[in-house]
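As written, the chain order gives the labels A, B, C and D, with residue 1 at the start of each chain.
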């Protein structure tokens, strides 16, 4: 069993117009910049994929990664908890112009909805957002004298994540707080695509240390020395750069 | 009825339908045998509810590690690429539709896909384990079973009489006599022992067998 | 911060009559035999605790560990998925005599209910058990054309688990498939008590390899070379042994 | 009104109530300052939503690791005993009641414990982050805030007018003028700046301040 693919283009080839795509990362930590940029390359070459629904905690920062994907005009709707950032101009401008849809979800609810999608739980109850605008229209129920909001699972056609180490079976480890949403999103998509800083032979990752078991992963591509969104933004990088 | 497949032979037949790279859960007991008969060149990855992916066969006697067991609490070994995880993650794999196949035993399978395999009624101590999760989780739920009970009564029935494990969940049954799909609420015969007449097979079956295409000879090696 | 306690008696001192106690392990793997036996010792010395509700996947095996706890007459009710074993005589006899209550829960539902208890999710929907006797009396709902059963969280007063390595802050690792229910049960109790085969200084467990973060743990006791239920049963051990 | 506490001083006061060994989440921005003022001999363990327990202060400039950040996306360091975990586990800690204290900023706090701190209304881009989870998860939810807005309007009010973050969730408010508990749907004054009259404090507060016991002088060091 070998889930590694030959190049970034092949890695993102499964994403089609109108799909729902989860993208891992919290801000720049754990953000699969190379996969996102490969998707932008494809769009610039072919006009596809577009009309994407993107699920991520944030809305991008600067003009690289997720922000560049939005700036390229590929995103119809964003599901996230915190679309503000140090330099959120790309999303902010489109949103205020009514050109991109936003579903705002409390961060813990976002995480739990994604996990539920991966775990086959279509709905659950949470105290979060009860009595607030973000609970409007959602069923409410009382358990043991306290009120809760019913939330639904989130699932995706494709997930793009960044890992630290992968093996050909798709077993993954992450690096520090770059873990964040990545393991959950791996569970919740029909196809999970992983960029890993290192691909090692099966058996080289200690079975005790595997964070994402390979059953949740369909494609693996090695991206040694991946770019970090924060570094790119500090260098005022723009993707794609001016030719 | 004379000839029938041994349990090993039923397990062999079920194993032929497992594709390379499939993630598979085998029920406790008889279904565990399926792992022994993977066709050459194919490698399935086995999942056990108690938190291991990609485990291998039992260790030699005396080398058991009692922290390294399967859902049947029998000792196993690890293959390269194995991983450990807790029970909630394990059943996320099950319930979330990440397993390709679950192969389970049965007391009864009904033509509507209902399965009864956890309780023989109100007597004794009931025990369910992970069966009810598996039948609603794996992409394909198959059953391996003798075609009839020890008393010669059909195990493939019109409607289950024993407590259900799951509703409309089984899609293929490998028996000691035949391979039968469940489609549109009907048993559809795919393969039968060549020595067995269709009438004899129907007589041993508790619901009508539909023949909607060629019926292949069910031929398995001596095992 | 030092969560280590001096001895097994102190470790289990928080368990009182009528409490709900989660006990980790799947069969013998991960079963905290020393903590269970310490609890039996206390009962034999004081008559308490009794009338316990025990949550475990199984019902014990032979005459040690959980089976010995049941045999001692301390357990009023058992919540489990699989109360059969190679030698289940202790539970079986009491159950058939109507002297112990059983709540039978599908294994995945049991795990998810415990996780829900730890994660503040009072209820969730699962396809598991729909249309079966185990769903009787439970609310049912349809999502996207499929029927699901509503299940409620499980929480405990005290959890007893076995870990491989612990540090004084309560960070834990487990050993192989001895992980099973232990990390979930740690999350779901007001007081989590851990017996660890090794206690190491804070910082000695790689932050990437911590399975149970210390926030879920209240007491840690080192039990080097813990007993394994399977070994005890193969030796026909009985706890407490004949004096 | 003349004298008031600086943000550092408000943070210092809030820090005095954090017990040794407490698990604490500090909201993004101003509340992060609380970590700087832990009393000697006490050590809290700080949680950040993005998956770290027991992180420490920012690294020296130039030594940032951008995979090691807090919920405010600022670089942090690790203390011995730190751990990493994914977002679902992180919010299990929050929602499951495992945090001892969450300290958050506020636009408005009402006498019934309602908090508004995520949206100033329909203008602009809304963003909520983890605030709505924290207010329903931590065992104790406290607010630190200037007593009044930049325009001098009360932030402690009878009922919130801005979109709510949570209902009936705040139990203590540390302001630039006072320390106020919320009990039984009322603001109960515990401490106030000694230079400030009760009338002046009441005038700066949008709901009645109950005095049900001794009011202690709110005295903090120069910071």
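As a working rule, a residue touches a chain if its C-beta (ideal position, glycine included) is under 8 Å from a C-beta of that chain, and two chains touch if they have at least 3 such contacts.
None of these values were measured; they are calculated from a predicted model.
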If you take the chains that touch chain A and keep only those that also touch chain D, what is left? C
Centroid of chain A to centroid of chain B, CA atoms only: how many Å? 36
Where the centres are mean C-alpha positions, what is the separation of chain B from chain D, in Å? 56
For chain C, residue numbers touching 2 or more other chains are 112, 115, 119-121, 126-127, 174-176, 207-208
Which positions in chain D touch two or more other chains at once? 52, 84-85, 88, 91, 94-95, 136-137
Which chain pairs touch, all of them: A-B, A-C, A-D, B-C, C-D
Any idea which chain A residues touch chain B in the complex? 1, 115, 117-121, 167-169, 171, 187-188, 201-203, 205, 207-208, 210, 213-216
The chain B residues in contact with chain A across the complex are 20-21, 23, 43, 45, 47, 52-54, 78, 80-85, 88-89, 91-99, 136-137
Write out the stretch or stretches of chain A touching chain D in their complex. 26-30, 57, 59, 81-86, 88, 91-92, 95-96, 102, 104-112, 114-115, 126-134, 174-184, 211, 228-231
Residues of chain B touching chain C in the complex: 48-52, 64-69, 73, 84-88, 90-91, 94-95, 119, 124-133, 136-137, 163-167
Quick one: in the complex, what on chain C touches chain A? 112, 116, 119-127, 141, 143-144, 146, 148, 152, 173-176, 207-209
